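Paired with subunit B in one complex and with subunit C in the other, subunit A is shared by the two complexes that follow.
This part shows the complex of A and B:
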């Protein structure tokens, strides 16, 4: 589906405007650096450089300083990502109940589907009583077989790509 | 059975303020603000004998003492909601199902210690809990439980919610302050302690979600009542998080001092699939992996410490007799390697060395003295790491060497994995092994994996 260049530009402009509002709201509040970075990622799907620049300016930091902070944290992305991300916990409680099966199944499927979604191997998600567990974007999914986990991810891909 | 933190979680709309108020919510706040002095609230917490539920078990009332005596304004309450210890999920359940309990607990702590600004720092992966706590704070503001002149008294407080972004180290009490200040989440040197020079350089009380969530009942029913809920000399109730190979994994709020046997067999329904218990952990990744014959251990801070490990967050993980302890240990080792912040070298290098040594054991290519190397690296890390992460990271590994020696001997000397789990394929893992790192870490060793 080809997009009109003008529309893309205005969609981008909307994102920057929305981010500006979020930054304004956050900067009144102490200790909201990470919240501002979360806002960038919410609007752009990753830490888009120009948007990071806006946050840096609001905080009185250089971009290098802000990237120094951002790169410490595993939830921030520095390049565009597929719209669906499956974070699979591989720590002990989930491992004991089949996390590796889920991981392999999802990784294979992602490869076959040319990265329609991304699979991340992550540390404990605090869903241990529901092991094996994963996050499909923001939704917690637990006590599932590898097939059920894949179905959940597929459903999310379908919903988002419309 | 008596329940405190988990009492309301099955109510309809338990996360909503109406439901909370209908079940005695905010009555403790009213009682404290209108009938009790801050000192009287503090006194009840002292009488409760509560040890902090974040993992260290430090006496809560004593921590509060430090705040009361500290100079500087404003004073902060920082609620540590960065729950990331593998096997632990009690804070998440409170945040998702009873966020107002946490809000009320925070307010009581602020009142008792003279703090005027409250921060709740929640881990980034807790999306639902974040939304629920955020909504709860908004509701509490709207109803006048947070803000200026709360309930018509001269007690005023503000409350803010902040999100982390994926870093286990930020649960460490000094790293969490750096993170909240918009820095990399490195730990700070102590002293100065947070109570004197904490968040933004001001006196700061850092308490865990579960610690704070117990405060409303302590205020309503008294510290002594709370204290007496424990068994085997334990104080109060404690949420044990049970996971792994049990029939009924879940969060169990039980008397502090419950034994592992009661937890696993009576409450958790025993080992799944009719199997036998082989190994278990009392308190998250940072605790030792213990053998089945230690199942009668009393799960309280002191008894577990006397047994050589820690209760920590009381995240109990159970392993059945089909489990390989090397395969289990390497999961925890991988976790710590991944989560080491890299600030100090004993942790940064040590977590990597332990994982690499275990990798060799799994593939059947470990040197004969591997167990000695693990002991050696572990001792170095425990003594020389800057913060608790590196000091406790070796425990899941070195404890398996000590408690399951025969199993390691089978892997290392006979090249066999008795449980049939490890690949044992003779493949040399870690082509990128940094030999120099190993050499420096294990300088006192001759030969070993380098031979």
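This part shows the complex of A and C:
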């Protein structure tokens, strides 16, 4: 009864339908837990509990077990996130070449733009030779100044939201 | 092949498959452990049990290293002790030493182990998160500070309970024991996690801070909430029951444990572990009550018993003994059911004695014969496949359900679940789920029987099953034909098949038919065994004691002259030969001058509510013997005799396998209440009998003699092809079918007096398919009125998309939603459901309201 107007509901329904197609595809392969969780995150932007319930049902596991697995990994989210995430490496080589500056600049900008994107500190991205390095969503960016990094992030925000 | 090895210079021989820890303990050598538990699979996480093994490069954890021939093991060398002390220091670094305030103090594995390895503080200092407690559920609390991350709770929930509701969340230093999305626990709330926690991290919220280990007394007892018969301990302090817990002897930490862990395998469920507090509920009747000028007023035992005895004597002399009737209960002990039978038959002189077993257990017994009840849980474990039909055993016999999950998952047994309601077994344990239309379970089973017998005899079904086949079953039950034929094929290939059904409310009105259909199926299969599961703690004992109108001890029939005369000889009396009044006879309008109701809330639980009201209204004198002033007592009793709970008396209870187990009195009776056996004895003495029972055990001795003298006659099993009566017509112009079932958290009317269990289920809820709710114009959480047989029950509605659209599920056991009032005499009832009328009109049984389906 207390449902929202049709449009929102059907957008959600589309996501669930898409997810259940992905689940069907994944379940042919053994050990597909993480693939299915990734599918949830792809469709919902985070691990939406009801969608995780669908994965649990498909795998014969409980939601608790999947939550235990998912929380082990830092790149699964449990609440909606902005569409762009900048992951700034703060390990030794990046630190020495100005990772803190990048971090600071991005964080300030994110705050000013009311969380249009999110900034995370991460440990080694395996890009030490490109230090300072960051990931903007799935794109690796290296040897950049704080300003260049911010421009890269802004460009990504514009592309996605535009 | 046994294995021989040397541990600390001592030669030990252990069975193949033993670990080094097993061998050491067999030799009496102590190795400290923390995450080890004989109840669980070896885990090897805490490293506390390290030992040195010759030629092994590093110390090995003994709990998960197999013993091998010729191994030379040292458990007390300097490197071993050093390692153990180091591990203990690291554990203590994060553990607050708040032992003076901890429930677990004195029975804490961490305390024991720290004492043994000789460490009491950490060189690493103390670094405790000092976080607030988490409430996992209304009954279970987790203190993150005390947790030592041994994972026992996570493992028991997974390995033994099968709910897998707890996990390690996050990782490394940040990891913690948690639930899905940090929501409240989604599980059966059995509390096994509390039982297995080695420290005071997981706590029973009702028990917290009520007694230290050394302040409490423990008594061996048997859980009284269902017929599995789980062995448990009752913990008491100064005459008060503090909690019930699994019998620690069954969870003995000595490995190589071949001990019989009893029917419950050492476990308890929600009911067993938390459903004890009705014992001290404020509603307990503490002294006899006599109705004077319409109200029940306190009286002395003398007064009350004299009144009852006089009424019985008067009725007997004026109207004859056959106008006196008693209704007993499967919650009473063997001794008590034996004595009530003796009271009625010998002292009163009538066979008018019955119970609600009339509706489920007794018809099953009459159809199948006593041989069908000769089974054990161990035998069940050895089946290759289970066909579980009807009521969900995870609700009615939870511990057995948990055990079945283990058999299914660990031993690869097949589980086929046939029910009109969704079950916790469905998605993770059952290989196949058949959602059957309510009331057609026996037609499904009969259809399978016909098909399988046709297959095994090349096309010719027995004469009696001629009219049945999978097509008729599909039409009757609403299940797809392909599902049925796959099920038949699976059963034919499955090896030995256990046909399991709980003798619960779903069977009322069709218990005999179902038993017949199950027997037919067993005959049609190459190898099958029947497992009818008794409902109450002592349902089987009640029947075995002969506490039924047409029953004599050891399942002998009431018209068995030989058994009757044998019993008469033992009692030194000529027993009445007249046909006793069954509960059905009573309800269909027998003339009763004295009605004696023991441990049964007839007004709330009878299936034919109208008839029960009439019976109670018309009975000349009504005596209620119970723990509470239940609805029968409040409205109809002339005298209320206060009885005691299982914890206040000694007695034996016969479980569903026929295992008679003794529960020991843990506390003295509450108030002036008396044990039922004692009340029967005093009443018999008042009526002139010469009974000399001093205690329950003296009755038990007499029972042993009686049972030896009147053996069970195992006539050839009365299996034989049988037709079923026609399917009852349940299509009621747009009405819904009412499905009732036991609720795990509501073990009968008595269980509703447990405030612990009430925390889990506050009010009765009717579940309907969301589409049906929409049709009714009702939202999830709003009230609906359910009508049938002139009764009207108003309850909260809940959407459940796993239900069929044409059913409404209402659990039994809630006095505030008397399902019995809706059930007439038929097995399956069509009910009208509508949006509840405004509050002012609720309760007035107005037929047909707006939005009626």
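The criterion applied here is as follows: the second predicted complex is superposed on the first by the 157 of 162 C-alpha atoms of A that agree within 3 Å, B and C clash if a C-alpha of one lies under 4 Å from a C-alpha of the other, contacts with A are read in each partner's own complex, and residues count from 1 in each chain.
We take it that contacts are C-beta pairs under 8 Å (C-beta built on N, C-alpha and C of every residue); 3 or more make two chains touch, one makes a residue touch a chain.
Treat the numbers as computed from the prediction; the structure is a model and nothing was measured.
Engineer: Which chain, subunit B or subunit C, ends up touching more residues of subunit A in the combined arrangement?
Structural biologist: B
Engineer: Classify the contacts of A:93 with the two partner chains as first (subunit B alone), second (subunit C alone), both, or neither.
Structural biologist: first
Engineer: A:63 contacts which: subunit B (first), subunit C (second), both, neither?
Structural biologist: Once the two structures are laid over each other on A, A:63 reaches subunit C alone.
Engineer: Once chain A of both complexes is superposed, is A:78 in touch with subunit B (first), subunit C (second), both, or neither?
Structural biologist: Only subunit C is touched by A:78; subunit B is not.
Engineer: Would you check which partner chain A:30 touches, where first means subunit B only, second means subunit C only, and both and neither mean what they say?
Structural biologist: First partner only, subunit B.
Engineer: If we overlay the two complexes on their shared chain A, which of subunit B and subunit C does A:126 touch? Say first, second, both or neither.
Structural biologist: A:126 contacts subunit B only, not subunit C.
Engineer: Would you mind listing the overlap between the subunit B footprint and the subunit C footprint on subunit A?
Structural biologist: In subunit A, residues 68-69, 72 are touched by subunit B and also by subunit C.
Engineer: Please output the residues of subunit A touching subunit B within their complex, sorted ascending.
Structural biologist: 29-35, 37-38, 59, 68-69, 72-76, 87, 90-93, 95-97, 122-131, 135, 138-140
Engineer: Mind listing the subunit B positions that touch subunit A in their complex?
Structural biologist: Where subunit B meets subunit A, its residues are 83-89, 91-92, 119, 123-128, 160, 162-168, 179-185, 199-200, 241-245, 249-251, 281, 285, 315, 317, 319, 323, 328, 331-332, 334-335, 338-339, 341.
Engineer: What residues on subunit C touch subunit A, complex-wise?
Structural biologist: 158, 163-171, 178-181, 183, 186, 427-428, 774, 778-780
Engineer: List the residues on subunit A that touch subunit C in their complex, please.
Structural biologist: Per the touch definition, subunit A meets subunit C at residues 1-2, 49, 52, 57, 60-69, 71-72, 78.
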